[in-house]
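Listed after this line are the structures, all set down as C-alpha cells.
Both complexes shown next keep chain A, but they swap its partner, so chain B is in the first and chain C is in the second.
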Partner chain A sequence: MPVEALSQLAEIARLTTFSMTPLLLAAIGEIITELAGVVNIGLEGIMLLAGFAAVAAAEAWGPLAGLLAGVLVGTLIGLLHGWISVYLKGDQIISGLGINIFALGFVAFGIEALWGVRGYYTPPPEAKVPRIPGLGVSPTFIAAIVIALVSYYVLYKTGIGLKIRAVGEKPDAAESVGVHVERVQLAATVAGAALSGLAGAFLSIDWLAAITKELPAGRGFIALAIVNFANWNPILALAGSGLFGFFWTLGEWVKNIGTIKAVIPIPLLNTIPYVATLVVTAGLIGKSRPPAHIGRPYRRE
Partner chain B sequence: MELQECKPIVEMKNIVKVYLDGTVALRGVDFDVCPGEVHALLGENGAGKTTLMKILAGVLKPTSGEIVLEGKHVRFSSSADALSKGIGMVHQHPALVPVFTAYENIVLGAYRPGARAEIEKLMEETGLKVPLDAPVESLPLGIQQKVEILKMLYRRVKVLILDEPTTNLSPLETRELFRVLRSLRSRGAAIVFISHKLREVLEVADRITVLRKGVKVGTVSAEEATPTLLAKMMVGREVEMVVSKPRVALGEELLVVRDLWVRSDLGTWAVKGVSFSVRAGEIFGIAGVEGNGQKELVEAISGLRRAEKGKIVIGGIDVTNKHPLEVYAAGLAHIPEDRQRYGLVLEMTVAENAILGVQRSPRFQQPPIMKIKWSEVFSHAREIIKNFNVQVPGLTAKAKTLSGGNQQKLVVGRELTKKPRVLLAVNPTRGLDVAATEYIQNLLASLKEKGIAILLVSSNLDEVLQLSDRVAVIYEGEFMGVARPEELTEELLGLMMGGYSLDKAREVLSRKTT
Partner chain C sequence: MGLEKISGVFERIIPLADVLVAIAVGFVASGALMEVGGYNALEAFRSLFEYSFLDTYYLSSTLSFAAPIMLTALTFAVGVRAGVFNIGAEGQLYLGALGAVLVAAFHLPGFLYFPLGLALGVGFAVASAAVAGILKAKRGVNEVVSTIMLNWIAFWIVEYMRTYQIADPHDPSKTIPVPPQARLPLLISGTELSAAIIIAIAFVIATYYILWHTVIGYEIRATGLNPDAARYAGIRVDRSILASFIVGGVAAGLAGFLEVTGRPPHYAITTGLSNLLGLGFDGITVSLMGLNHPLAIIPASIFVAALKVGARGMQIEAGVPLEMVKAVQGIIIISLAAPGLIRTIQARRRAKLVEEVKPVAG
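Entry: the complex of A and B
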C-alpha cells in the first residue's frame, strides 16, 4: 500500500476520535439514566446549553473551567429533569422536549447578548482544549473511553449497578429490599445529563471551537439511537459511536473529492453517516431489550 | 381454643386495617408465631390473610394495633425496614427482577463480600437448590419461589412469611417445599404459611389460625385439627367436601380436536398430534404435570396460538386458526390459567372487567357512536357479583383491589354469563378457598345438565378425578391414554404422568402385584 494512502487512513482514524467522542459521552450518560428507568430526550438541548456555557467560562478562565462549566450545566439540567420526572412524576418526554426547545431559544439569544454577534461565535485559541502532544487527539477522547469502560464495569459488575438496573426493571422489587428508588433514579439522571454536558463542552471548546445554535447537529438524537442499538451496553455503545464517527469522517472526506462532489449533491452526502450507522448496527445487533419500567414514573400502591 | 406453649418471636395485637376506600379488611386480630414452628393462616377468599401478613412484613401500615418483636414495640416504615429487622415475606407473585439472575436477585441491595460462597452454603444446608446464574424469568415458578426464600435467608430473616406458596406448584414441587420448610423449622425459623388447602396445612403446620371476614375465629394445634373442623371454622357452616356428579345423557360432539400439532414459544413441538372430542353434557379432564403442553393446547383451541397442523371444531364450526373473537362467537368461553394476565385488566374497574369480551354486544353499546350504556354494564356486573358471590369494594373499584380468590370468581362469573356451548376451564379453582371451590365445582357439574361441553385442564388430580367423566393424561404433548376416573388408580395416574401409556402402566402394575 502506498505511504500516502496509509497516512490518509491514519488521518481518518484520528478525526474519528473527535467525531465519536460527543456521541459516546452522551450515549453512556443516557444508558445510565435509562437503565434506572428514566428517559431523557433532552440530550441535544443539554449539549447546546453546556457548549454555550463552556465557551463563556473558557474565555474567562481557560479550557479546564470550560469543560467543568459544561458538566455543571449538565448537572443542573439533570437535577431539573430528575426532579420533574422522578419526584413530580411528570411526563419525561415533555420535560426532555422542553429542555431542547428552551436551549435553542436561550443560546440564540445568549450568543448575541454576550458577544454581540449573530448566530456564530468563535472563541480565541487560548480557550481551546489542547491536543495530546504526538497523538493529536483530545484528552477528552481518552477520558470518554475510560468513562465507557468504567460505566460498563459499574453497571454490570457491581452492587451499585445492580441497584440501578433493578430500579429500571422492577422498582417495586428493588424497593422491597431497601433500594431507594427515587434517589437512585435522580442520581442516574444527574450523572447522565452531566456526561451530555461534557459532550457539549467538547463540541464547543475542544473539537469545533465555535458556538452556534446548530452546535449539536442532531448528535443528541443519534446518541439516543445508539443507546437502543447498543442494547444499553456501554461497550457496544463504544463500538456504535466509533462506527458513526468513522462514517461521519468518511463522509467529510468524500465531500472533498472533486469528482464525487460533482456527481452527488452535498446534502445527500451528509446523510452517509446516519444511513450507514443505521444499517450496520441494525443488522449487527438485532433485537434489543429496553429496561422494563422505562419512561414511567414509579408510583407506590 | 387458645393455646400458648411457645414463646413468640413476634406478636400482633388487636390489628385493625381499613383500606383507603373504606373496606374494613381486619377488625382487631391477634396473631403470633414462635421460633421453630410453622404457623398456618387459613381463611376464605377476602378473609384478610394477605392483609394481615403484609402488615407484619411492613408493606402496609395498620390502622390501629401494635406489633411486638422480640419484646420490643416496633413500627415498620416499609417492607425494607421490616426485612432489616428480620421479617421477610414471599408474596403470591414473586417480587423478583425478571432479567436478573438468581444470584443477582438474592444479593440485590445487600451485597457483601463472599456472598456467593455464603449462598452456596445456604443452598447446601437447606436443600434449596437453584441455578444461580440463570435469569429468573427463565425459571419455573417453583424455582423462583426458592430464589425468593433464599433471598430472605441470605438476609438472615427470623420470620419467614409465605403467601399461598403452593398455588403454582406441582405436587412434586410442593413436597419439596415442605421438606425445606421442615428443615428451616428445625433450624429455628418462625414460618407463617398461608394456604387454602386443608390437606397441606394439616401436613406441614404446627398451629393453625383461622380468619373469617377480618376476625380471628381461633387458633388450634395441628393435632387437634381435622379437615371438617377447619372447614367449619373458615366458612362458619358445615362444608360438604364431596361434589355431586350428575350423570347426564350425552349429546352431540361440541368440541372436536383432530391430530393437533402446536409449537411452544421456543419453537419445539409442545402438542404432538392430540385428538379428542367432548360431547354436550360431558366433562373431559386433562391431567398431567404442568408444562407438558397443556398451555399450548388451550391457547390453540382459544385462538391465541397457531395450530401448525390439525383441526379444531366448535359446535360444528371449524375454528382452526381463527381469531379469538370468532372462536368465542362459535360458543367458547375460557377461564384462563393466569387471571392476572389474561382474565382481567387489573387497572380497570370491576364493572369494566365484567363486560370484557362482550362489550360489543348491542346490550352495552348505543348506536350510532357506540356509546357505552353504563346502566346496563352496571346491572350486568351486579348480576355476576350476586350470582357468583364475588366480594368487591364497589363496582367502580379497580380489579386489583379484589382479593385473589374474588378476582377468580369475577372471571368465572363473567365467562359463564356468556352462555357458552363449550367451556374451557384451566385450573378453575386455583387460589380459591374451600367454599368457593365447592361452589365452582358444583357449578361445573351443574353446567353439564345444561348441555355444555366442558374441557377441564387441571394440575389438581383430585379435582380432575372428581369432576370428569373421562380423563386423559398428557405427557410431553401426547395423550398417554383416556379412561374413566373409576378405572384409574393413583398409581396408574402417577405412571402415566411420568410417561407410561395406559396399557404400559397397567402392565407394569400387574407385573408388580404378581
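Entry: the complex of A and C
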C-alpha cells in the first residue's frame, strides 16, 4: 500500500510538471513585461494564437518548428502590444482585451479555414514533442525551469535587469541616466509575449496535442495571478506555478477516483483550479508590491 | 478666438473619429485575413450586411441580439466609470439565465415564474459580481483575474445544473424550458424580437440616470476619475467600487434572464451553454465602441448585434466561419486601445504646420 501511494504521488508530481509549465512560462514572461512597467492581460489570447500556429507548423515541419512558431507568434503580438502601449501611449488593458477577443475569433476561424473541421483539431502524433526518456516529462518543462532561474538572475543580479526595473519604477530617472525607456519597455513586452507564445505551443503540441478555442482555459489569467502571488520574483513564480499547477492536476486526478466522482459530478470538479486561484489570491493581501510606474504610458514633461 | 471654438468642437469629434477609424481598421484587417484564408472578402461583407439589416426578419434579429449585449456592455461601462475592468458579465449572464429556467423545475402559480426567475437569476449574478467586488474593494484582488475565474466557475456550475438537475427529459441537449407564462411577448410575431429590447433600453437609460443624476452615481464616477481625490472629498471609494460591481451584476443577470425568457424557439439553455456563449464578452466591444457611455452603448449594441447576426449570412453565402466576426471585434478593440494613433498623427501634422508657419510669422 505505501509503495502504491508513493507511486501515485510520483505520478501526481509528474503530471504537475505538465500543468505548471504553461503557467510558469507565461508568468515569467509577464514578470519581465510588468517590471518594465507594461501590463499585458492578453496572455490568454497569445497562448491561443501561438497554440494554433504551433499545430500548423509542427504538422508541416515537426515539433521543434511548432515550438518556434509559437514563440514567433508571441513575439509578433508582443511587438503589436508594445507598439500600442509604449509608443502610441495607448490603453494597455484594452489592448490586451482586444488580443484575447481577436484570438477567440481568429483561431476558431483558422481551424475551419485550415483543416476544414469545426472547433477541434488533433495533429498527427509525429507533430508532438517527445518526452524525455525514462522521466516521462517534457523537455519544455526543463526549459521553463531554466528560463525561470536565468530570468531571476538577469532581472535581479545584472545591469540589464536593473535597467528594466528602473524603467518600471522611475522612468524619468532612468532616462536621465541615459536609459532608452521606450526601447527597454518594448523589448520587455516582446520577451514576455514570446514566453507566453512558448506556453501556448506547449499546450497544443507538447502536453495536450490538440487545438480548440478553449485551449488556454483561463491559464493566461491564472498566470497573471501568479505574478502577484510571486511579488514579481521568478523564483517565487516557480513555487506559485507548482502550486496552481498542482490544483489543475488535482482537479483531473480526482475525476479518476470512483468514490469522489460518485459524490461530486465532473462539471463541479472542473471548477477546482479556478476556485483555488480565487481563494489563494484572496488570501494574499498587501503582501505584494507592484512596480511604481506600472500600466501607465511614459510621457516626457 | 474663433479658432478655439473650432478646436473645442474638434476635440469632441475625435472620439467618434477614433471609433470610425477602428471599425475601418477592423474591416480592412479582417478582409485581408479572409482573402489569405481563401475566401471572398467582398462577398462576405456584402452578405454580412444583407443578413443583418436588409430584411424585416434579419433586422429584427439584429435588434433582438442588441438587447443582451447592451446590458453586458453596461456591466463593463459602469465598471470603467468606477475605475475597474469588470469582465465578469459573461459568467453573470449564464447565472441570470440559470435563474430563469431553474424556477421551471418547481410547481408554482403561473404568474410567479417571471418575478421569481428574475429575482433568482439577478440574485445569482449579483452574488458572483459581489465576490469580485468585495475581493477588489477589501483585498485589492485584481478584478481582471477574479472575474475570469468567476466566469469559469459560473460556466461549470450552470453546465452541471443543465446536465444533472434541470435537463429536459424529452431532449437532453437543453434544459427544461421557461414556462409559457414567464415568456416575454414577441414584438413582431414570427421573429425573435421580444419585449426584451424594451426592458434592456429602459434599464440602460435608468443606469444613465443613476450615474449622472444621483449621489451614488456621482461617487462612482468620481472614484473612477481620481480615487485619491474622491477619498479626500469624503467619498467611500470601496463602497463606490462595490456598487459598480452590483449594478454591473444586475445588468448582466438581467441580460441572461431576458435571453432565455425572450428568445424563441427553445426558451432554454442549450448544450455547452451554446446559446449564451460570448454574449458577455460582446458587451466589452459594445461598451468600448460606445466610449463607455450608457446612451452611446445603445447604437453600438446594434452595430455589434448586426455583426453577430450577419455572420450567419457570411457563413451561408461566402462560406466564412462565423467566428470571423469575433476577430473583427478584436481588431476593433485593439484599434480603440490606441486612440493615440489619430492624435499622434494630428500632433505631428500640427508640429509640421507650426514649422511651416514660423518663417512667415518671424
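The working rule: the second predicted complex is superposed on the first by the 288 of 301 C-alpha atoms of A that agree within 3 Å, B and C clash if a C-alpha of one lies under 4 Å from a C-alpha of the other, contacts with A are read in each partner's own complex, and residues count from 1 in each chain.
The working rule: contacts are C-beta pairs under 8 Å (C-beta built on N, C-alpha and C of every residue); 3 or more make two chains touch, one makes a residue touch a chain.
Computed from a prediction, not measured in an experiment: that's the story for all the values here.
Enquirer: Overlaying the two complexes on chain A, which is it for chain B and chain C: clash or fit?
Expert: fit
Enquirer: Let me test your reading of the model: by the given contact rule, A:Lys163 touches which partner, first (chain B), second (chain C), both or neither?
Expert: It touches chain B, and chain C stays clear.
Enquirer: Nearest 10 degrees is fine: what angle do the Cα centroids of chain B and chain C make about that of chain A?
Expert: So the angle at the centre of chain A is 80 degrees.
Enquirer: Touch test for A:Pro265: chain B only (first), chain C only (second), both, or neither?
Expert: After superposition on chain A, A:Pro265 lies in contact with chain C alone.
Enquirer: Have a look at where A:Leu278 lands relative to chain B and chain C in the superposition and call it first, second, both or neither.
Expert: second
Enquirer: Between chain B (first) and chain C (second), which, if any, makes contact with A:Ala173: first, second, both or neither?
Expert: So A:Ala173 only meets chain B here.
Enquirer: Is A:Glu11 touching anything from chain B or chain C once the two structures are fitted on A? First, second, both or neither.
Expert: neither
Enquirer: Give one of first, second, both or neither to describe whether A:Glu126 is in contact with chain B, with chain C, with both, or with none.
Expert: Neither chain B nor chain C is touched by A:Glu126.
Enquirer: Figure out whether A:Asp91 sits in contact with chain B (first) or chain C (second), or with both, or with neither.
Expert: Second partner only.
Enquirer: Looking at chain A, does chain C or chain B touch more of its residues?
Expert: If we count touched residues of chain A for both partners, the winner is C.
Enquirer: After the two structures are laid over each other on chain A, how near do the C-alpha atoms of chain B and chain C get, in Å?
Expert: 7
Enquirer: Taking the stated contact definition, name every residue in chain A that is touched by chain B in one complex and by chain C in the other, in rising order.
Expert: none
Enquirer: Going by the contact rule at the top, pick out the chain A residues touching chain B in the complex.
Expert: Listed in rising order, the residues are 159, 162-163, 165-166, 169-170, 172-179, 289, 292.
Enquirer: Looking at the complex, which residues from chain A come into contact with chain C?
Expert: For this pair, the touching residues of chain A are 41, 44-45, 80, 84, 88-95, 97-106, 108-110, 112-114, 118, 213, 217-218, 221-222, 224-225, 228, 265, 267-268, 270-271, 274-275, 277-278, 281-282, 285-286.
Enquirer: Which bits of chain C are touching chain A when the two form their complex?
Expert: Residues 33, 37-39, 85, 87, 131, 135, 139-142, 144-146, 148-150, 152-153, 156-157, 159-160, 163-164, 278, 281, 284-285, 288, 320-321, 323-341, 344.
Enquirer: List the residues on chain B that touch chain A in their complex, please.
Expert: Touching chain A from chain B are residues 59, 78-81, 83-84, 95-100, 104, 107-111, 151, 155.
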